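Look at the two complexes coming up: chain A is in both, with chain B in one and chain C in the other.
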Partner chain A sequence: MFRVVLYGQWKWSRIVVILGTVAGFALPILSVQGASSDPTSAMKAGELLSVIQSWGVLYPVLAAAIGLLVAIATWAPDHRGRHVLALSLPLPRWRYVLLRFAAGLVLLVPTMLGVLAGAVLASATATLPPGLETYPVALAVRFALALGVAYAVFFAISAGTTRTAGIILGIIGAVIVVQVVASAAGIELDLTNPVQAVVMNWPGPLAIFTGRWMLIDV
Partner chain B sequence: MSDRLPATCCAVVLTLCAPLAGQIPQLRARADSLLVEWQLAKQFADLQDSLRLGRERAGRDTIRAGALTYLVNRSPLPLAQAASIAWPQVERFYGPAAQAFAQRPFLIQAVDPDTNEDVPPGRAIKILWNTEVAPLARALVAMADLGPLDPGLRDWLGGVVVPRFDSGPGHAVVYVQLVTAPSLAARRCYRDDRAACRDALSLSAMTDPASQWYGPAERRALVVQQYADFLRRSGHGQTVRSCEQGSDGSCLELLRSLRNLIPPLDYQARLTFLETAVRVGGAETFQRFLATPAGTIGSRLAAAARVSQDSLVERWRNDVLAARPTPVPLPVLGAWVALGWIVVFGTCGLRSSRWRVS
Partner chain C sequence: MTNAVEIHELDYRAGKSFAIQDLDLTVPTGSIYGFLGPNGSGKTTTIRLILGLLRARAGTIQVLGEPMPLRAPTVLARVGFVPEQPHLDPTLTVCETMRFREAFYPTWDGDWAGRLLRTFDLDPNHPFGKLSKGQKGKVMMLLALAQRPDLLVLDEPTDGLDPVVRRDMLSALIDYVSQHGASVFISSHLVHELERMCDWIGVMDNGRLVSHMPMEQFKNGIKRLLVSEAPTDAGSAPFAVLARDRNGAASETWLVRGWESGMTAWFDGRGASVQSIVDLDLEDGFVELLRTFRRAPHGQEVL
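Then we have the complex of A and B:
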């Protein structure tokens, strides 16, 4: 059963998976272009770290984008078919969703491997100034976890109804509106910063996306 | 004609100066009267300062912790508690030299955090009275600066002496500087060249910082990226162009013309070196350092720490290398936490309301 579900999802999301894998493979290699083996054109350590840090912003963006697109592709045919297939199968609902979730996770593996392969290749080819090291495995592990979290978040949202999504968006909007009204009224009420701290700092759900994403560092 | 020229010039000068010569006593008298006026004005200014200080000090509580003395207005500021935490740290760093604080009371103005009233001007250090004990103690330690007792130390350091031994994060910052600073001396220091470390920290006499700190490519980059505008405005446009085109001689000439060249390792690095010296030499290091005002900073610190300069530099370098920062900011439990969130959100998907029969 799992193979059937996986095959179906592969058909729906193969373009996303292939493009994600290519992008994941290319990103680390592009980021170390300044670390040339030619000493006359090679970047100094400070400049190189600055370039690597700039490219590093793209890793969480790529993870979030691929997670979002694969999660949407996982549920889109079911939504279009009004879940007739799922309801006609002799499976409990939780098991069907679990199969979908697991198949989506499996489809993320090529992108994860793409980043790992790109990072290893980039590390092997770059000539680094003394004092700098490469961290391909740590970067790839972090990317894999961020991709998994992004996929799980969007899978949960996508699995819900429009009403559920509306409620979530409504809560976020209400927090912002209360904050704006409180600020306008001169009331000392800080809602956004605590919420942001809970979500973005460890052990918050999106903490994996924050911080520096460095293939090369001290 | 040429024989007569000097004599003619002398005659002209004497003719022009003759009336001035007669005015010399008058000019001297005017200069003397200006000096008297200046001395009088200075006395008034000192008196004014003294009265202002006296007014600021009046009605204040005196809080003492060891030799640290604070004059503070009445408020809930937990100054006594914080001072009792700060003093042992200050004494551990400065040793007997810390007694100098007995002659240098700190004037503190505890400020109400909930008021919009203007804080009265003056020399007092302003601190919100709701500051907690731990940050207040840290602030008191940072204020305990004996740098002004030694102008050479103050000039070399380029900032206040902070009597702390817990500068692990500070050492990590210096590690990053050693690796990333665009300086030949810093890179060589990282590779265990002690002479380069001495140069990078300006421990010895810096006869030519531009060549001791930087290589040719770095000199050109410094001129082009940091100083080009200033140098062009000050009439060095042609030399700047020559430097840009690759003439290292021009770059050197330009950098040598600057009074203050950016050092490769900054205040933080020098402070950690001072800290290392005090840690190696023990509690009386600072006292010994103040007692030997002659020599370069490196030799004075080494003598005060009772080790050779090379040993001190080696010890500092080891401290810095040991404080290498964590490169990938993923906490130990971070992977498990992320996996936990994947499970949580996956479970939320399982509990979807999509198929719930209403």
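Then we have the complex of A and C:
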């Protein structure tokens, strides 16, 4: 049962999964290459951390984007069929939702592994100034958690009607992207301060998206 | 023996404009029940209520002896459903769609599914979304039949299909029913299609069941009479008067049910006479029935 659901979802989300995996693999490698492309080839620790931090903004953005697109693809066949197939199958609705959710989670694994592989490879090839260390596994685990949270949130929203989901997703997506980019760029932006305090600050559900995403740190 | 479907005093409301009220309906086990009604009469809504896709406000539904929607997973494992609109994943091929369905139905008959695939002349490697309307209809019928259901619920399965495809689908359906004794609940507004295959008929209009009876009873005995000097009171008539229209000063057209030869004597005894008797086919009977129902003061069941 799970296998056929997974296969159906793979057909809907394979382009997103492949692109996400490639992007996830490339991101840590590119961030380190950018750091070591300096002509002196011996960046100071502070400069390197600054470069790594600026690349780090892209991890939560990638996690949110892949989570969003896979969640949409997860429900897409049901939305197309107006949920008639899902409702007329001989199994409880909660079980069908779990099947869909689990299949989507499995489809996130390649992207998670892509980030892990890219981070390990980048760590192995990077030349670091004294006092700095690489954290490929920590970065990959954090990315996996963020991807899982993004997927879960968007999965729940996408379960509604297309119109409702579109409105909510549009608002949330825009707020998250603006907030994350502004936060990384150091811009004082108070779009949703009260909501942000609850949602984005620890122990809020989206706290994992904020803060520093560092492959290399002290 | 329990009925395949039993509905009692069902109430359902969708917004302010449409409601199903006090619906009582019984589909005898082993019957082919034709569910007739004009577009928007509530046929699809009733089917969705039967299958547990919608929740009623009041009333009870039993399908194959089990309460719905309480026992939906158990019941749906024994029901083959063909909805009005294609509902399958358009990216999957016909073969993949069959595999998907097989995973959910323990009674799936792969050999027979393969035979139906050849009978319907379907390409198993063609994506469902790129099939023609007729081919999509065939795939949906194939899936419903290959799971070996005890009850088939078909919502206008042949609507918009060409006669050849329609005949292929219906003959596969009749073959299955004749071999396995399954019950069929089929909705349509194609009266002649139901006339050929159904043994029970129910007519819906405006969210209410207008009529519900064996097909033979429905087909036989509906007559249009031209009556001269018609009596005012027809309460004691040995037949049911469905409608009467005045043609002029001395003549009326009556629509009656339960007519038998020799009943002209009832008119003779009241100073009236029957000028002509016209047999109505199912479509005429259906149209007259709806016309009568819509004239009735409270939309009461007319038969």
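Going forward, the second predicted complex is superposed on the first by the 180 of 218 C-alpha atoms of A that agree within 3 Å, B and C clash if a C-alpha of one lies under 4 Å from a C-alpha of the other, contacts with A are read in each partner's own complex, and residues count from 1 in each chain.
To be clear about the criterion, a contact is a pair of C-beta atoms (placed from the backbone, for glycine too) under 8 Å apart; a residue touches a chain by one contact, two chains touch by 3 or more.
Computed from a predicted model, the values in this text were never measured in an experiment.
Undergrad: For A:F25, using the defined touch cut-off, is the partner it touches chain B, chain C, both, or neither? Pick first, second, both or neither.
TA: Neither chain B nor chain C is touched by A:F25.
Undergrad: Looking at chain A, which partner touches more of its residues: chain C or chain B?
TA: For chain A, the partner with the higher number of touched residues is B.
Undergrad: Is A:P203 in contact with chain B, with chain C, with both, or with neither (first, second, both, neither)?
TA: Once the two structures are laid over each other on A, A:P203 reaches chain B alone.
Undergrad: Report for A:P77: first if it touches chain B alone, second if chain C alone, otherwise both or neither.
TA: second
Undergrad: Counting only touches as set out at the top, which of chain B and chain C does A:F143 meet: first, second, both, neither?
TA: Touch status of A:F143: no partner.
Undergrad: Could you look at A:L87 and tell me whether it touches chain B, chain C, both or neither (first, second, both, neither)?
TA: The answer is both, since A:L87 touches chain B and chain C.
Undergrad: Is A:Y59 contacted by the first partner chain B, the second partner chain C, both or neither?
TA: neither
Undergrad: Residues on chain A in contact with chain B in one complex and with chain C in the other?
TA: 87
Undergrad: In the complex formed with chain A, which residues of chain C make contact?
TA: Per the touch definition, chain C meets chain A at residues 51-53, 72-77, 79, 81, 83, 85-92, 96, 99-100, 103-105.
Undergrad: What residues on chain A touch chain C, complex-wise?
TA: Of all residues in chain A, those touching chain C are 1, 3-5, 7-8, 11-12, 77, 80-82, 84-85, 87-92.
Undergrad: Please give the residue numbers of chain A that touch chain B in the complex, ascending.
TA: It comes out as residues 44-46, 49, 83, 86-87, 93-94, 97-98, 101, 129-133, 135, 138-139, 141-142, 145-146, 148-149, 151-153, 155-156, 158-161, 163-164, 202-203, 205, 207-208, 211-212, 214, 217-218.
Undergrad: Considering only the defined contacts, which chain B positions touch chain A in the complex?
TA: 175-176, 178-182, 187, 190-191, 324-325, 327-331, 333-335, 337-339, 341-346, 348-350, 352-355
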